[in-house]
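By letter and in written order, the chains are A, B and C; residue numbering begins at 1 in each of them.
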Amino acid sequence: MNDILQGLSQAAQLVITGDADLVEITALSLQVSLGATVIASVIGLPLGAWLAVNRFRARRFVIALLNAFMGLPPVVVGLIVYVLFSRSGPFGVLGLLFTPTAMVIAQVIIITPIIASVAHQAIRELWADYHDLLISLNATRGQRIRTLLWDGRRALMTASLAGFGRAIGEVGAIMIVGGNIDHATRVLTTAIALETGKGEFGMALALGFVLIAVAVLVNLGVHFLSRTERGSRW
Amino acid sequence: MKLTSLALITGLALAPIAAQAEILRLSVTTSFANSGLAEVLLPEIQKDTGIAVELLIVGTGQALALGAAGDVDAVLVHSRAAEEKWLAEGNGTHRREIMYNDFVIVGPAADPAATAQTSLATEAFAKIADTQSAFVSRGDDSGTHKMELALWASAGVEPAGDWYRAVGQGMGAALNTAAGMDAYILADRASWLNFGNKAGLAITFEGDPSLFNQYAYLPVNPAKHPHVKAEAAQKLEDWLTSPRAKDLIEGYKIADQQLFVFNATDK
Amino acid sequence: MVSSILPLKIEAVTVRRGGRQILGPIDWVLDGQGLTILMGPNGSGKTTFLRVMHGLERVGRGQIAWNAAAGDVRARQAFVFQTPIMMRRSVLDSIAYPLLLDGVARQKAMTEAEALAAQMGLGGLLNQPAQAISGGEKQKLALARALIRAPDVLFLDEPCANLDGRATKEIERILTEVRAGGTRIVMSTHDIGQARRLADDILFLHHGRLIETGPKAAFFEAPKTPEATAHLNGDLIP
């Protein structure tokens, strides 16, 4: 209990003094997680919509696979990405291991299934509503998907935010592929793991509170942005 | 509007961190990182040599594995047998001893196993086993773990039973566990002194030369991994074995205690 | 004008759902000009028949053939559903939507949609969310959305079911204009007065079969079947 209060006050102190290290790792956390969320959304949202709209043989199988991938342990993803991008691995020549790019790649793999799956659910409901109308208006497949993505953007925003939440709080995979290198790949979660390891619970908790605050702020920011969007009251 | 800002974020995420200095990746053990010495040395290294050392803080096994895979340029660890095996497999060019620190036995301040009354580490271990006092083991195949196993072996004890807890984690996490259980644990002095959550623990045994912990620097073999920065690795080695490094290493103190003894010799 | 998508030939078409035959067999040809009213009691198959013609229902036996030489026939038909389907868009965006699908420039589509909305009495609601307007307003919006492409054939499934007298009159006025403009209209209704006012000819469905077809005058003055007679008298049909 005391630790928590101490952590809170330490967090406040770090934020108020604008601690340079804190700013750096928080910025990298945001950069990596937002980058991964954008890329995963570009892949996952249309994939979810496509799965909702199209009927094909392997559809159930693909959806089952997607749901299974949602539960993929991040450590396993981290290991796979590590093995792929290690100098001794197939993509070693790219020299991406222990860079923010590798962290983004790992997070994209982790959160794309989540985003696609939530999007699939949301778009399936919308598609049930729109089906007859879009068929009647002779919309092409591409037009149907684009319409569903646009009109379902509120729900899709939620899908992306779910992905972001998972990304920013993730530690197992980025620890392995990023290496938690000071001033290079250290982010909030890996810093928390490090401080915990040192027995510095106060500092670890302080960083934890900053992490929670960042996640909440991003969510509020996105909702604020979408609320001010003209004429949207859905 | 929104799309361009998204693209910008994506671009930022993908852009490699701009390299102002030459970067050298060095895998080190958790215990070395926890000592805090790196924070003193790295800025000086960058000042003197222009090399920005990026530390990958992992267990001994992983530190060597990263070197074997060519994912780091050099390795700084403390587990002689493993280092020599690693060299024999052609993973590195050579082994250079830099410095040593020592391990200590940490336990409940009341010392229920009376380890303080012994003069050899093996005797202390035997007493812990005799009294079945709780003991936390790293259990992660790290240098510290290997040292602990070697001590049990020479004490003639097969560590097993309720009192013996292998946590399979780093030094800090293992110390946290020991603090929580009021158990004995073998720790390197630096990690112990830097550890923030000492609770009711204290050093109960120290000073036996068999507890000395030799750190060695091993550059990755450029013949095996042509992309490694062999030249920078050599420059770093020269610096680490220089009188300047000696002053910094021996001058590094926590709670007024010197942690490391510099013992690099000329090649 | 390019060649018409008519005639539509329906030959021995049947629809089975839930293990029973809910429509047909039906033989009918949709051609020429004018407004055809589809009548029949609840569950007689009006909605199903309209959807079959528009290609929204999988048919069992039989054939439906538009004038294939006319190219893409679906784009030149429009359908107003019994329960209006409202998109998560504003009223204006909803009306413009079919034009945007056709690749019409956004500005032009908006201008056209705005003009049509004004004509349909939706001018004051342009920026309202389509899902938030009243039931009658939704009906009008659905009609406007169906008309904006100036279809060759317009299907309407009980378009005035939720409307008050005044709004019904307005819709009837618009439909009369649309018919005068050369659009072939097929619509279902339970409103016998409306059928008398609008229809050129009548189709009467009973238990999924077309049991009576013909010009309005003949149907209302001398129905040939007891079912139609009973329906017109408001009696219960056995």
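Couple of notes before you dig in:
Basically, contacts are C-beta pairs under 8 Å (C-beta built on N, C-alpha and C of every residue); 3 or more make two chains touch, one makes a residue touch a chain.
Everything numeric here is computed off the predicted structure, so don't read it as measured data.
Ranked by number of C-beta pairs in contact, the top chain pair is A-B. Taking the mean of all protein Cα atoms as the centre, the chain whose own Cα mean lies nearest is A. Centre-to-centre separation between chain A and chain C, using Cα means, comes to 47 Å. With each centre defined as the average position of its C-alpha atoms, the distance from chain A to chain B rounds to 33 Å.
Inter-chain centre distance (chain B to chain C, centres taken as mean C-alpha positions): 80 Å. Chain A contributes residues 31-32, 34-36, 38-39, 86-89, 92, 95, 97-101, 104, 179-184, 194, 196-202, 225 to its touches with chain B in the complex. Those residues of chain A whose C-beta lies close enough to touch chain C in the complex are 126, 129-130, 132-133, 135-139, 143, 147, 151-152, 154, 231-234. Interface residues of chain C facing chain A in the complex, by the touch rule stated above, are 54, 56, 72, 74-75, 77-79, 81, 85, 87-90, 97-98, 101, 127, 129, 131-132. Across the interface of their complex, chain A is touched by residues 2, 6, 9-10, 12-14, 16-17, 23, 25, 30, 34, 54-57, 68-71, 170-173, 175-176, 179, 194-198, 225, 227 of chain B.
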